[in-house]
Amino acid sequence: MQGPSSDLPILFDCVDIRRGSALLLHKLSFTISAGPPTVLIGPNGAGKSTLLRAAMGLIAPTSGGITWGGRKAPSPTGRAIVFQRPVMLRRSCAGNLAYALAAAGAVGADRKSRLADLLRLVGLEAVADRPARQLSGGEQQRLALARALARNPKVLFLDEPTASLDPSATKTIEDLVRAVSERGVKVVMATHDLGEARRLAGEILLLHRGELIESRPVQKFFADPSTDAAKRFMVGELLL
Amino acid sequence: MGAESASALHLLLTGDPALFAIVRLSIVVSLSATILAAVLGAPLGALVALTRFTGREVAIVALNAMMGLPPVMVGLVCYLALSRSGPLGAWGLLFTPKAMVIAQTILVTPIIAAITRQTVEDLWVEYREELAAMNVGPRRRVATLLWDGRFSLTTAFLAGYGRAAAEVGSIIIVGGNIEGFTRTITTAMALETSKGNLPLAIGLGVVLLLIVVSVSTLAWGIRRVGERFAG
Amino acid sequence: MNSAARIRARVVLLAVLTLYGAAAGAQADGRSIVVASTTSTQDSGLFEYLLPLFKQKTGITVKVVAQGTGQALETGRRGDADVVFVHAKAAELQFLAEGESLKRYPVMYNDFVLIGPKSDPAGIQGVKDIGQALRAIRDKRAPFVSRGDRSGTHLAELALWKACGIDIERARGSWYRSIGQGMGAALNFAAASNAYVLSDRATWIHFANKADLEIVVQGDRRLFNQYGVMLVNPAKHPNVRKAWGQAFIDYLISPEGQRAIANYKIDGQQLFYPDANDRGA
């Protein structure tokens, strides 16, 4: 599964990320390989968002190194990210998507057809001409996902995509994520919803205070967490 | 008083050629200056907003301060520069509408640049991460910020136009208020006031207000239509 | 978005160019000269009457830049005007002495009048002597407005104070208001504050905001105001339109031009008295 220009595996080698006096990530070492989704869980402030941004290539480590498919700083064309509170451009829904497609290099008829496909995939055809900032939370999240998919990524990062959504919108997003993963895209997702982690993950990474506590296949993690911190987290006793 | 003021409007409606020439020149000079100021000022404002350079804070303070450039001073400096005895005398621009446009462009550019800078900077803070995630390059980034900030930038344009349309201090010096050539509504108002023709001066002022309100309404209309399509 | 932006840019450019073309077309320059003159001459309406006659005869458009006398002569010194047409003989002779012009031609004179409130705070109703009137104003400390802008009128006013033995710099108090503006502004000020003011007759007749003011003293020989016209020296300023400028001067002093000047009337009153043939003027 590893082509010559693939971003996978993403290797974190003893990564520290510091901002000012705060140490956001500490001695983080792990690998993200191709396959079913990797889900990050952990309490607030654990560093999940920071980890996703670093893996996307938006933040550079203060010490240690990150490599993508063995390369130090490849162009981000194969990766895409959906933020927790996505920012809508001041255009229509379709306009936002067209913008993302153009930024990714799609032109002309190709752009038009992919625009239609993506709108259909995320179910936003009905509101294509509505100003994006007037869409509901769930619709905006779907649009952000479509914008990310417009880049034809091999790796898709999602930062708590269902955190502010109601159950039905949550289900829609989860179904989309599952469908995308089944198409062969590597999904790396952060969530605070243990149920969602269980539903979607192939592999769980538990973060706490910037450190990696556990990294295990999902079944094993939930059946028999090996660390004390994991056990406490599962019963909701591991807060900040 | 009402009769004379009404007569100014009456002249306008019946297409009195002298008044028509004054009105047309007013619109041409102020609009040209504002457009030129936008072409110069918007990219300048965006540049200051987006690039980090030593003295950036000073540049921002300077831009904001220059919004209050005294028109008479700008007029005087332009006069000295464009006079036959001045460095740019060979261009022969003094006492022509072009000189008036130059002076007003100098007055309006800081307004548009300063407001653009604020708009772009605020928008950049909001869009920064998302644009980085979409791997948007620098040139497209500027275009996006300017386009998405278009409503605030329209306000900047209107503020600039208002300043140009209302001022008299600079254009009366560099233009010379020559009848039929460099006389605008504001300079005509100054002249009529000095002749004691106060009602006519006020009438002209009403005409000027109508123009400014029309421009403002037009911009508002464009904005409403635009909002409906883009939000 | 990019192609849309490009189209928009082209539209804007087209708009600006069209606006420009409109403005430029509005004044297809043709044959024109710039004449620096005074605000009082412009305010009198003489140019609106005279210039179309000149244009009809010669096809030359005269662009009048109306400033104070001092500024008008300065404009001539800078070479920004082709002809200067002012009414301050001493300053004009100085201009000649500097070599800024080669010849001064007397054209016409008008007169100054002392304007004052009907309530007559200085008690000079019926006085014919301007010196007597000014002394009374000074003694009674009656409000007086001065143009204070080194214009021909202002210089004439200063000369009058001097002629009746008053050192105005010493004698002035809060009753003497020097406003640094043109004749119309001075008249507005006097109307609003019921003060005395020295004005040229033409501007006074043309002035539309007389309020409670009226002519108090007139006809005194010392109140006469002589106009002179000069071509800016082309040797000093090669851009001067010598032939057309001289044509304007020649018109002003010609019998035809002098007749036209005499015929200019407001409310049936003649404002300017042609005297191009008076060598001493």
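Order of writing sets the chain letters: A, B and C. Residues in each chain are counted from 1.
By definition in this document, contacts are C-beta pairs under 8 Å (C-beta built on N, C-alpha and C of every residue); 3 or more make two chains touch, one makes a residue touch a chain.
What you are looking at is a predicted structure, and each value in this text was computed from that prediction instead of being measured.
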item	value
Centre-most chain, if every chain is reduced to its averaged C-alpha atoms	B
Chain separated most widely from chain B, comparing mean CA positions	A
Of A-B and B-C, whichever chain pair has more C-beta contact pairs	B-C
Averaged-CA centre spacing for the pair chain C and chain A, given as whole angstrom	79
Distance between the centres, which are taken as Cα means, of chain B and chain A, whole angstrom	47
Chain centre separation (chain B, chain C; CA means) in Å	32
Sequence positions of chain A contacting 2 or more other chains	99
Chain B: positions in contact with at least two other chains	140, 144
Per-residue overlap in chain C, given as positions that touch at least 2 other chains	1-2
Touching residues (chain side chain C, partner chain B) in the complex	1-2, 5, 12, 15-16, 19-20, 22-23, 26-27, 34, 39, 42-43, 47-48, 63-67, 77-80, 181-185, 187-188, 191, 203, 206-210, 237, 239
Parts of chain B lying in touch with chain A, wherever the complex brings them together	126-127, 129-130, 132-136, 140, 144, 148, 227, 229-231
Residues of chain A defined as touching chain B within the complex	56, 58, 75-77, 80-81, 83, 86-87, 89-92, 95, 99-100, 103-104, 129-134, 147-148, 151
Residues on chain B engaged by chain C in the complex (per definition of touch)	21, 24-25, 28-29, 31-32, 35-36, 39, 83-86, 89, 92, 94-95, 97-98, 140, 143-144, 147, 176-181, 191, 193-198
